[in-house]
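In the two assemblies presented below, chain A is common to both, partnered first by chain B and then by chain C.
Entry: the complex of A and B
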């Protein structure tokens, strides 16, 4: 199972094995990693699973679609490497992925 | 029963989105004591929004519906008591009695009792095929009935009714929506949005009947065959879904003399008038500081926000920053997103043409403060609106209406 490392805003790090096919958001929620709210349950409606993807992994995470881009454009503290974790599907290619959480999701 | 000298722990009554989230946040925030989650339904907490959409259309699995996997509760040391209902609350003794005869002691109690479908006292409501949609079990019954060619009649043109009508069409059934008011979504959306949504449903084959009262449900052999309208007409159907709003499940709290008024009254820390009892989610009537009023919000974001408030207060954390209410709905290929509530709005501004390609409606106060946004297939306008409402920014209506205005600049 791929291991994803989630780093909270305060620096606390959680390395978690996440099943292929789940989203990076689900990996966090299923393991009670703080900092990813996921109000809408993964339907790309809320932008409360905002993460920063470490640059080395950005390309492997794919390209955000129009809906995600629109949502991210207005997320507080959005950066070039911002993604919605519900839109990144875990696969073997993402084994070792590191994502960082913003200070707040709202 | 006295719990002095030992931590009876935290008991959460209600296994929905609010209750499940509260359990998760309590552990996230460092609570290490005993934690029990009591749910009436036989299922672990799951997401209700997909019930009228993906679940109904067979596009979701039990696994994807679950809020968290079963192992979560073991790993987080949350004891779950499913399929049982709290029948009495003794505030003096700090105990809750369940319908299986057991009694649970608590140090702190979180009521996440949810809401129930508002009953419609119609003749024939006991007929087979007359349904409501609150639970996964309801959704399974509905799905089984919505075979290709089945005729669905929906009483009530709210979110649930419209979402189910859209799903029914996708499943090859026919759908008629019967709404008492002159427009759909009358309680939750502005007239322009209602007009667009009802016309879109019609264009997709939904028979939308407005300003139409319902007299009775008619049947044969114990099975519903039609909805009799107040004007004498009949809408023939094989399934009748009643979706006319929800009521707070606050009976347990009322019986225990907690302050209730259209729901359990709470403050911004989700506290009731009993210092050891919190209430969260659909069952509460909560303050909306931005709008200077109390309101009952039936939404997932509200359930999560209040779960955070209660967990933060119990664990001695600072309260989370207040959020503005927001809602979403998917119907056909329409994504409806709304933020804020248009209380006190005196101006309505349309951004974009009302079309499936996307548009938004902003609601402003007399001083141009943005109070609410309703967006259809316009996620950027929704997000911008959410920021504007949160910041209580004033924006000239002309700027919002002008598609050449950069929303990022306006929202900055």
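Entry: the complex of A and C
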């Protein structure tokens, strides 16, 4: 299974094996990684699974669609490399992916 | 009081013809009797059309969590625009409609929302935290022991009004005006309350606008600072608003920052009283405050619905919704949807996924102030637990005559001596 590394805002790192086909958000929530709220449960409707994707991985994670872009527009601390973790599907190509959490989910 | 829906097959809600079910009737909300009608619709007609309501005209009811999510995300077909009548089941007379960003669609909505959003960004929230704690402590310490008082009047209203005053940097000594204006904005004329007619309401709005225009004029020529008036006056997307649009956005921010948190502050006390086992759980483990707060917000659902208007004919999960139809998303019902939320009629302070509720809405119109509201409620419960063995509800709460704002005008309580 691919390994995803989640780094909390305080620097704590969690490397988790996540099954192919699950979202990066589900990988965190199912394994009790703190810092990802996922209030809407993965519908791209709340922006509380906001993560920063390490530049090396950004292209491999695909391009956000219109809905994701519009939700990210309302995230308090969005940057160029912001994504919603519920919209990134885990696959072998993402083995080793590193995502960082913002200070707070909003 | 606010007991969970106990299924009683002889209750009118379950026996009346389906096409007669009219869940938006505000009198039922005032009687605390609204839930069985939504439960009936969830079971028998989760997408339902009410032909006629004397106050609101015909409207669709969307009652399931997942259907509501679909409506929330399809902003092209399901418009929030004030020009179609806005975001509550009640239409204001056409000539009195008021633009505000919650009642706009992209792109104007997005641009205006982004102007005010930083007020609740992590940096500002951290700044507010100490202030909220200090005020909560002060309010709770001033409460009488061993005698009956109104929790709404002594706690919920003062705390939310002080918060609003800080958000607007509104003259503190005049802050009671804010909760007055909030009530005036949402109160139906039929409630027989302070607002006697739509003309009367317009007159009050005139007073509100005059007061805030003075604040705008002071701040527009000063450097921008983090208060809502200054942010609106300096924001690229808001600095050229018409007075009517300024009024609309003020009403939105006043009501949004006031009614919702106020009623959750009252509701929480009521639910803990009705569920002593859950209160005991929270008392034994104060770490549960965060999830208890989310559960209070779910269980209260302080805004019972949001409304959209169809901009075109659409086949929506087997139902023909026509252009111009009013579509009501019942958050109150989705929060009790057992296919998404386990044991939804029970109040449970340690739910597995407490944040999954729909009280803040979803999609681009999701509540801007949700994290601030949670912070206010969290501090209230932390301070309450630190001081009082319990807060007993000693009489029937009085509920508001509205199917939009789901709340309380009074809640008699007693703190043991």
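Following the convention adopted for this analysis, the second predicted complex is superposed on the first by the 106 of 106 C-alpha atoms of A that agree within 3 Å, B and C clash if a C-alpha of one lies under 4 Å from a C-alpha of the other, contacts with A are read in each partner's own complex, and residues count from 1 in each chain.
The definition used in the following text is that contacts are C-beta pairs under 8 Å (C-beta built on N, C-alpha and C of every residue); 3 or more make two chains touch, one makes a residue touch a chain.
Being a predicted model, the structure only gives us computed values, none of them experimental.
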With the two structures overlaid on chain A, would chain B and chain C clash, or do they fit side by side? clash
With the two structures laid over each other on chain A, which partner does A:62 touch: chain B (first), chain C (second), both, or neither? neither
So, does A:46 touch the first partner chain B, the second partner chain C, both, or neither? both
Contacts for A:103 in the overlay, against chain B (first) and chain C (second): which applies, first, second, both or neither? second
Is A:70 touching anything from chain B or chain C once the two structures are fitted on A? First, second, both or neither. both
Is A:32 in contact with chain B, with chain C, with both, or with neither (first, second, both, neither)? first
Clashing with chain C: of 2-10, 74-82, 92-100 or 128-136, the chain B stretch 128-136
Dual-contact residues of chain A (chain B, chain C) 37, 39-41, 43, 45-47, 67, 70-71, 73-74, 76, 104, 106
Residues of chain B touching chain A in the complex: 24, 27-28, 47, 49-50, 67-69, 72, 75-76, 300-301, 304, 321, 323, 326, 328, 330, 335, 337, 379-380, 383-384, 386-387, 407-408, 411
Would you mind writing out the residues of chain A in touch with chain B in their complex? 29-32, 34, 37, 39-41, 43, 45-47, 67, 70-71, 73-76, 104, 106
Chain C partner contacts - residues on chain A that touch it in the complex: 37-41, 43-48, 67, 70-71, 73-74, 76-77, 103-104, 106
Residue numbers of chain C touching chain A in their complex, please. 69, 72-73, 106, 110, 113-114, 117-118, 120-122, 125, 353, 355-356, 360, 362-364, 366, 370-371
